[in-house]
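Each in structure tokens, the structures are laid out below.
One chain, chain A, links the two complexes that follow: it is found with chain B in the first and with chain C in the second.
The block that comes next holds the complex of A and B.
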């Protein structure tokens, strides 16, 4: 019965607080802010997302063309990451990074390429972004402060706190009622913000969300409620520690600026000061040295191999690995095959060596990002933002996961080449049937229409313009007649973004810190209010 | 009934705000506590309302120790503060409704509120007006209505006539006399010695946290209360100088 009476009393105070709050200009201000900022940010984010999708479609088309290989050495698949529509809610670091990675045997991918914003460390959050979550943070934190900075001081100054406490109602009930009333005041703003966001999205039928993405949106909403309550509790804490609303609002505004603008910027700056990554130029120099060593070894091995009887052929250059060859002599094909047996595993080994340098660089980049993230724990808004970025898969970890999967896929692909002995095969660099391979003399005979029988005879002419003797094109030298290879048996890259549970697990630290902070601050605010001098 | 037994309050800065106050206000009695600013009048009220904890002694409301059973004791006391602000965006009736329900009066109708407001002399057209449009006197009347509507046997008033015009102050005092007739114990802290002479059954003069003098109506009507009060005040000024 007493419990019921207490609940009724809390609701009574809460409804008083709610009706008092909604009759103030602050309430209207909150909605006006939502109306101004939310659709604006959503439209900007949607345009950015659509532009990313358009880039993705172009890149994917290009990648599909590039992935049509005619020899195995030309198959260096290009992987393009599809932008997530959740980036409309929180863009995180996703737009700092490119969306395209080419799998090379000579390099382990360090970063993605493609259209991205130029930054020293792309894994660090931008100072300010115009996405939904940033706007939500501004509105909700500001409104929570505006409705709580005077939650104790305001009623103390008007004397209503004394009048309330002159009745048989405990301070705990008064506090609970006031907080509940303020929560009910602010929750319509949160609902309005999400509602506006969904409403704007309805005007863009090309943007779809999967059921898993809707689950994430619901979780973001629930998390926003935690964030809202946290800022309410901070406001309450400040209000319960000072006697005048003037002091309280100044402290709240200073905290607001600190949390939203100074801490995130300071965190990035400090992280860069604590961990120096070194210059990319130095890294490239080291990489170049390793590549020189590789080329020297390959050159030395080339000298050990027997000379070919005829060096002319049609070739098509590949960025990574040997060129595709057509119309070479049998000995040239064989030399190329022997060379590949030596050079390709060596190329993979040297990629690992280069990776050790790149890894050291990227570890520093990641360490910078982690330090920045831990420093940003000083700001509840940053913790919230990072959790939402995690749920939207636009945080740095999500991109690390993408790059890790690509690296693993590269390993898998190389393993397939090794197991299937593709480096040893002629198909690695030519589609020409080995039965059609000709000796140098046979090629010269064919080229000159029988006028010159052997390579030696041709060179005996001692004429620098030997092409003048050729009556026919290089036999079997036309690569355009080759069809794209059937690559269906090769391992395919299948990007597996983390599922909702994984993302929640990854965001658990942030969510845990948010909730712990909320509980600790509420405990201290409660204690403070219990002892609050109402005079 | 209100009782203070050796009621003492020393603040954290070691200032002795109330020094072993012994006081008993019986049913149907109006007690005026006079004294200069800082004499301990408001501290006494704050202690009775458990807004602050005593450092010694106890305050009893209807025999209930306010420190041990604060919520129980508050069922038996109403309070009117010096400057009643209330909720400016609420109407007079809404303010009454909120505080009446906090005080445990949950079954009152709109008509009940109107009746009470008429009793304190509020004009009908003010009942549903927002309080921010009210004058100080009108707000004070709403504050008094809140106290009356609770129908508690004890009423504590802290400078309720401060800043009121003579007519409004006289009306307010008349309401207190009516409450006294209903058997309420009334403790009023004030500087207003003239009002005290009009309606008080007893007056007490406080000086630096001590109750230095108590006079019944008969006694202070015989003596010159103004002179006694002024003498105490002067003494204090001289001591300070």
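The block that comes next holds the complex of A and C.
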């Protein structure tokens, strides 16, 4: 019976608080701010996402063409990452990073490439726009403070607090009722924000979310409620520790500015200034030195191999391996094959050597990012933002995960080449049937239509323009007739983004910190309120 | 009477909790920001020096090969880090800071992100501009939102006005006291920051630095007076201090958040220009047309003989290709400049953006610096080409068929490294900076006057009971 009476009392206090709050200008201000600020931010985020999608489609098309290789030395798959529509909610770091990675044997991918600017006109990057989650943080935290800064002090100043407590109602009940009422006041604003966002999205039917993405959106909404309650409790704590509303509002607003604007910028700037990373330019110079060493070794080995009888052929250059060759002499083909048996495993070894420099650089970059993030956790709004970025897969960790999967795939592909002995095979650099390989003399004979029989005879003419004697094209030299290889047996890259449960697990620390902070502050607020002088 | 009002209010403000807390926070941020800046600037300078010296070595190597290779090779000019970044960096690392050029053309600009960490969120540097824009503006609004409505609620407003003091004088006194309190709040932080930077040894004390610091302080004072006028306006717009606070917080949020979002929205929707894919396909189409129309033999090449007659055709073809691409791309670049300038103008409704624009101009960084370099590089490129052609003309081994991309039919003589003209950036002069900053300064003054004027009119009708 007593429990029932207490519940009725809490609801009565809550409804009184709710009706009082609705009639104040603060309530309308919240909705007006949402209406003014949220649609713009969503429209801009949607435009950024759409431009990312069109870049993705162009790059995927280009990648599909590039991936049609005619010889194994030219097959270096390009992988393009699909942008996620959840980036409309939380931009994270996804717009700083390119979405394209080319698998090379001579290098291990360090970072993704491709268009990294979200805006086509790079000058527009000067305008720091706010995404949905930033906007939500600003509006919800401000409104939470504006409704709770005077939760104790306001009633004390108007004299109604002592009147309420003169009734047979415990302070705990009063506090719970007031907090519940304020919560019911602020929840419509949160719903309105999300509703506005969904409404704007309806105008863009080309953007749709999968069921797992909808689940994430619901979890983000639930997290926003935790965030809202946390800031309400911070406001309550401040209000319970001071006697005047004037003091309370100043402290709350100063905290607001610090949490939302000072701490994030301070954290990032301090990490950038105190944690050195060095520049990619200088790393590239070091990498170039290693490449020079590799080329020198290959050049030296080339000198050890036997001379060929005829050096002319049709070649097609590959950036990451030997050129494709057609119409060369038998000895040239054999020399190339022997060279590849030496150079290709060496190429992979040198990739590992380059990786030690790259890893050192990446470690510094990741360290700087982690320090910035840990420093920013002094602000609860940054903890919330980080957990939302994690759920939207737009944080740094999800990109590290993507790159790790790419590197593993590269290892798998190289292992396949090694196991199938593709480096040792003619197929690595030509589609020409070995049975059709000719000697130099045979080629010269064919080229000159029988007029000159041997290579020696041709050079004996001492004419720098030996092309003048050629009556026919290079035999078997036409690469255009080669069809793209059947790559179905090769390992394919299958990107496995973290599923919802994994992302929740990673965000558990952040969510745990928020909830712990909430409970600890509420407990201290309750204790302060118990001793609060109501006169 | 005016003096009494001002002095009383300043004393009250200094003793108030809001000023004391924000003063302490500002001081901390100034201190940490300046110390961090010293480290950051030293790292940036060291990286830039390493990069420059490696570029110089490459240049020496090219000179050792031949002068044509030197002329046709596309070079990058990367903007150096500026010392005045502690005042305002104008988001220089987010806009183009690298220009590609050779003797024949200035090709393109890009953002060199080589020293930035892509895994960090976009954030502001903790420079004076940031502290003023965010912290000081917020603090001044906090000081001013209840200047009138707060006094009305405390019932002291009617008491003051029952004295022989006009409403205009009273309001002006309030206004001046807020501006002076705001300036007093910021000055110690600026001084501490300057002392830290002087002690670190990175500052070179000269006329330009003195101008920049003084100029920024004047801009800061104008900014504080604009925000004070805004706060007073909010105070007079309502009879309740709470409502005044709501109005001022909403306006502050709108100026901070709404204006950059509005700028990008306006650029995307109202000031549309072609995108990079369209431009590239136009360039490709024009190139294909030129190649199809090129006479036979335009693509023949004999590396050993510059006088091979088909090299003249080749040079003409390559020049035509370059000119067609240049025409399309230069038009697109000008459109990008125009789109950005129009979008920035949209942000001038916000005094925060105005302060940013004024400090950017006074520092000679950001967009004005880029435009100056872009135009200066064009001038340098013409001078470089003239120098190259003069040297080429003296070489009897050159047929003088100018090819903008290839070492095929012009002089192959070697050149001493010391004789090569190198592009050195000339910073904007003080008069140039003042001219660029003037519109922003005028707008800030107009802002203050207009808002204060409206506030006076509203206050004359204000019910003081």
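Here is the rule we use: the second predicted complex is superposed on the first by the 521 of 535 C-alpha atoms of A that agree within 3 Å, B and C clash if a C-alpha of one lies under 4 Å from a C-alpha of the other, contacts with A are read in each partner's own complex, and residues count from 1 in each chain.
Keep this in mind: contacts are C-beta pairs under 8 Å (C-beta built on N, C-alpha and C of every residue); 3 or more make two chains touch, one makes a residue touch a chain.
What you see is a predicted model; the values in this text were computed from it and never measured.
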item: Partner chain in contact with A:360 - chain B first, chain C second, else both or neither; value: neither
item: Chain B versus chain C as contact partner of A:530, first or second or both or neither; value: neither
item: Chain B versus chain C, judged by how many residues of chain A each one touches; value: C
item: Which superposed partner A:158 touches (first chain B, second chain C, both, neither); value: first
item: Shared chain A contacts, counted only where both chain B and chain C touch the same residue; value: 24
item: Contact footprint of chain B on chain A as seen in their complex; value: 9, 12-13, 16, 19-20, 23-24, 157-160, 162-170, 533-535
item: List of chain B residues in touch with chain A within their complex; value: 42, 46, 49, 51-52, 71-72, 74-75, 77-79, 81-87, 89-90, 94, 98-99, 101-104, 143, 146, 150, 156
item: Chain C-facing residues of chain A, complex; value: 24-26, 29, 32-33, 36-37, 40-41, 43-44, 47, 51, 54, 58, 92-93, 96-97, 111, 116-117, 119-130, 135, 138-139, 142, 146, 247, 249-251, 253-254, 257-258, 261-262, 264-266, 268-274, 276-282, 285, 365-366, 368-369, 372, 396, 399
item: Residue ranges of chain C touching chain A (in the complex, touch as defined); value: 17-18, 21-22, 25, 29, 32-33, 36-37, 39-40, 43, 47, 50-51, 54, 90-91, 94-96, 109-111, 113-115, 117-126, 130, 134-135, 138, 142, 240, 242-243, 245-246, 249-250, 253-254, 257-258, 260-265, 267-268, 273, 275-277, 336-337, 339-340, 343-344, 347, 366-367
